[in-house]
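What follows is a pair of complexes built around chain A, which joins chain B in one and chain C in the other.
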Partner chain A sequence: MMTNYNRRVTQGQFSFLPDLTDTQITAQLEYALGKGWAIGIEYTDDPHPRNTYWEMFGNPMFDLRDAAGILMEINNCRKTFPSHYIRVTAFDATRGVESPTMSYIVNRPKNEPGFGLVRQEVDSRAIRYTIHSYATDKSEGERY
Partner chain B sequence: MDDAKTVDLQAIVRDSNVTEVLDQLDRELVGLAPVKRRIREIAAYLAVTRARKSLGLEAAPPSLHMCFTGNPGTGKTTVALRMAEILHRLGYVRKGHVVSVTRDDLVGQYIGHTAPKTKEVLKKAMGGVLFIDEAYYLYRPENERDYGQESIEILLQVMENNRDDLVVILAGYKDRMNTFFSSNPGMSSRIAHHIDFPDYSQPELLSIAGRMVDAMNYRFDAEAEAAMGRYIGRRLTQPNFANARSVRNALDRARLRQANRLFAGIGQGQPHVTADALSTLSASDILASRVFDTPDSADPT
Partner chain C sequence: MSNDAMHSDDKQITDGRKRYASGVLKYKQMGYWQPDYLPKETDVIAMFRITPQEGVPADECAAAVAGESSTATWTVVWTDRLTACELYRAKAYRVDPVPNTGPGTKTEQQYFAYIAYDLDLFEPGSIANLTASIIGNVFGFKAVKALRLEDMRIPVAYLKTFPGPATGIVVERERLDKFGRPLLGATTKPKLGLSGRNYGRVVYEALKGGLDFVKDDENINSQPFMHWRDRFLYCMEAVNKASAATGEVKGHYLNVTAGTMDEMIARAEFAKSLGSVIIMIDLVIGYTAIQTMAAWARKNDMILHLHRAGNSTYSRQKNHGMNFRVICKWMRMAGVDHIHAGTVVGKLEGDPLMIKGFYDTLRETHTPQCLETGLFFDQDWASLNKVMPVASGGIHAGQMHQLLTYLGDDVVLQFGGGTIGHPQGIQAGATANRVALEAMILARNEGRDIWNEGPQILRDAGKWCSPLKQALDVWGDVSFNYESTDTSDYAPTPTVSA
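Here is the complex of A and B:
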């Protein structure tokens, strides 16, 4: 998760594979719809792995029957944020589950600088390690 | 292109089971001859388009948006449901569900509310049929700031760009739909099929009543059927007659009166009722209607 293998952020499902085509995304969406999961589209320009909550693009989509509408919305989001990370999440609203069941990236910036390891010297010369996204050195909206 | 190549048109029709739906339509819907003919034509056209496609005779996907005009209760919604089934079987819509909406579901209440609302509905209808009842309400010429126009524009855009994702069916009264189309030429030109639903005649309505009664597991006794015929004859001439819907309402009221009659029977020493009595509508249940209050010279009673 924290590596920058092939200069690509690997978060969520399918992230070690080449980017999904629209046909493949549609197939994944159909799978989720078939299970009765609600699908949401989220975007961010801060790819830090602990940045769990991304911005939602529109409302989560309940009660849909076909993937075409979601793909339309994904394309809208790509048009609005062409160089942000965009991911699709499926949410299972079954009582007792109520949690995301799928999450995969459908859009990523052309150039992903990745993460650096930051060493912080604390008391007694102990070292604390953390990772830092090079992209977030710039301000929001100018990162990619 | 090899002109001698053949394709089994019959196999396409057979595999899609479309004749089954068409026959069901013929069987279950009374009257509506022009509508049924038109739907057969559309089904044939779609089957031929598929045959052409299998031979590589590519053409732009057919425009399937439709407009159903007719008076209330003439079966527009019912036919729309069947249409979705036909389109689904022939593979023109992927899921074949019908999303039925009116102005309220599409048009928002303040600036910026309409577009997301309309888009939401369109997304739900993707892969199926979007049925817009009383579509003429979308356009309100008397208020130039009405948000209906915005909704129409989004609809037009999706009708054009996502032609293979959804089919839009507009429905409404004929004259008001004509006004609607004349003020929205873009809408009119994107709708290929205009289907007009004729009013039912009296015998057709009686036959519909018979089917409804069957479906509700009731039956008419001999006099009740004649009474229903007379009821329909009188109701036809009254204002606000809504064809099959009025018949349904009349039957619901007759069931109410029948229940009341059986209930009253308890007090008169008839505590036990047979299944037969429970499911029989008698003439008195129908003749108690307000329709018979005014004397009518055309009626022989």
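Here is the complex of A and C:
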């Protein structure tokens, strides 16, 4: 079990708040759509801080401009992967940005085992650090 | 406004024999005043605030500034005639009286003088060369009582000779995997005296509690109480341990400022070898040292934080020195990724409109002329990366709605005392700040009026987050309401103008 304030992975915009309700998620979706951003849904069973590429639950929904429709997709993803981490990402294609502009977790496993820190002592007191996801001690698909 | 104060009768002397006869001429006579000149797309333009000496007309003063910041010396030299001197001469082309100065006001008469410089006067990619002209000898010149560089228009042709920020806002966010909210930081306190081991404790607690970054202060280098290597080693232990405890990328700005370039590079290399994502330098190291570190940072995938130590010695007073917006421009060109640029609400100098001008200069791809925020020129940033402004100094969780309204999302909010001074400890202080931020972002995105509802939004979050409730109880009413000294000349501001 993780030992930080909320005992959980704190990636994303809202991990320090109580889990968002569907109504709250819808409001955030509407905010992104209002800015002209495209929404993508991604999931993983390895929340390592440098695991950049979570699996895509389909491509970002460039042409779906309806928050209710996107929420339906989020809930489909939750049904398919009830114990995975699922995050919602907004993509801004504006020149000068062309990058994600929102990212927040909307689903997570009940128990989050967290990470270990592996220290390799090298020369002159320096240490090489490796962050290890406990979840990845099990094979893909059997982690939660 | 009398014509005498604005204009002298002197005209440019065009007859070569008279113009180059040995002796002393007025700067207007030498050709540094060209009221009909239309600046070229490729010209560098500088705008100065001039306070003339008694009896010196404004246009002669402007011509003198143009002369002394380009080709002129105190007397005529025939060797000008060996050169394309008409081209190399800077051209003062416009002088305006500054609003609210002169007879009947608290301030003696000042003028805004516009001066155009040909691109070939400057070495490509060198802030040192640019500044040696623009803020060189001319600032000690006797014909002006006081002189302040207010703004510059840097042509795209010159901008393209600078690499710009090593990382930039967009790539920094991608590397850190943090989007859609300001980043949170804190400066380790006390800034002097902690041992390496004790220092790293503060870093670990703050990062685990929810901050993204912790920071060395500007004057923490390698002193008897803590050698730099010790600090780097303990800080990286703290950063990695906090990263494992939260699943987030974390960082600590390791200040590599030192007495020589060789030593700074050595410290930066050590930071890299330990896996740090970010290093830090101080403005006092100088423009060439900053550019050197920016080039190093670009080559080594390192975010480069700049602490603006020293700037207020020349940027705070309104009549002499230079405006901070010009430092912002030069630092974006020089290639830093972070720069402290004011908080509006904290303990340090900062008028809201002026600070908007600084932030726009750092973050926008194009800044249109906007006199009320102090931007005198249209400026195309020619795809140079954006610099992340840092808001630091006397801010706390209870101001979150104000900070977000004034400063926006692309900013690092640094709560040093507001994290470390929390009654329940450093982790709780960090958690209070993070919860306040996330609650405010959520509410803003939901369309709520955070400027007015902000205090209630924070109190509501405090109901389920006791660290936030305690922070609000301790600091909720702290504010720093002093008049700013550096204010807009063109708009009524919430503080009193000169």
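Just so we're on the same page, the second predicted complex is superposed on the first by the 134 of 144 C-alpha atoms of A that agree within 3 Å, B and C clash if a C-alpha of one lies under 4 Å from a C-alpha of the other, contacts with A are read in each partner's own complex, and residues count from 1 in each chain.
Keep this in mind: contacts are C-beta pairs under 8 Å (C-beta built on N, C-alpha and C of every residue); 3 or more make two chains touch, one makes a residue touch a chain.
This one's a predicted model, so the numbers in the text were calculated from it and none came from an experiment.
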Message = Looking at the superposed three-chain arrangement on chain A, would you call chain B and chain C a clash or a fit?
response = fit
Task = Once the two structures are overlaid on A, work out the angle chain B-chain A-chain C from the Cα centres, in steps of 10 degrees.
result = 100
Key: Which superposed partner A:41 touches (first chain B, second chain C, both, neither)   = neither
Message = A:72 in the overlay: touching chain B, chain C, both, or neither? Say first, second, both or neither.
response = first
Touched partner set for A:88, first chain B, second chain C, both or neither = neither
Query = Which partner does A:128 reach: the first (chain B), the second (chain C), both, or neither?
reply = second
Task = Considering only the touch criterion stated at the top, classify A:116 as touching first (chain B), second (chain C), both, or neither.
result = second
Query = Should A:97 be classified as contacting the first partner (chain B), the second (chain C), both, or neither?
reply = second
Request  = Using the superposition on chain A described above, determine whether A:61 touches chain B (first), chain C (second), both, or neither.
outcome  = first
Request  = Tell me which partner A:106 touches in the superposition: chain B (first), chain C (second), both or neither.
outcome  = neither
Task = Figure out whether A:24 sits in contact with chain B (first) or chain C (second), or with both, or with neither.
result = second
Note = Larger residue footprint on chain A, choosing between chain B and chain C, goes to C
After fitting on chain A: smallest Cα gap, chain B-chain C, Å = 16
Note = Dual-contact residues of chain A, meaning touching chain B and chain C, are none
Message = Quick check: in the complex, which residue numbers of chain A touch chain C?
response = 2-5, 9-11, 13-18, 20, 24, 27-28, 31, 47-50, 52, 89-90, 95-104, 114-117, 125-129, 131
Request  = In the complex, go through chain A and note every residue touching chain B.
outcome  = 58-59, 61, 63-70, 72-73
Inquiry  = For a test of understanding, state which residues of chain B touch chain A in their complex under the given definition.
reply    = 94-95, 97, 116, 120, 122-128, 162, 165-166
Ask   = Of all residues in chain C, which touch chain A in the complex?
value = 170, 173-174, 177-181, 208-210, 229, 233, 236-237, 240-241, 243-249, 273-275, 365, 383, 386, 427, 431, 434-435, 438-439, 441-442, 445-447, 461, 464, 467
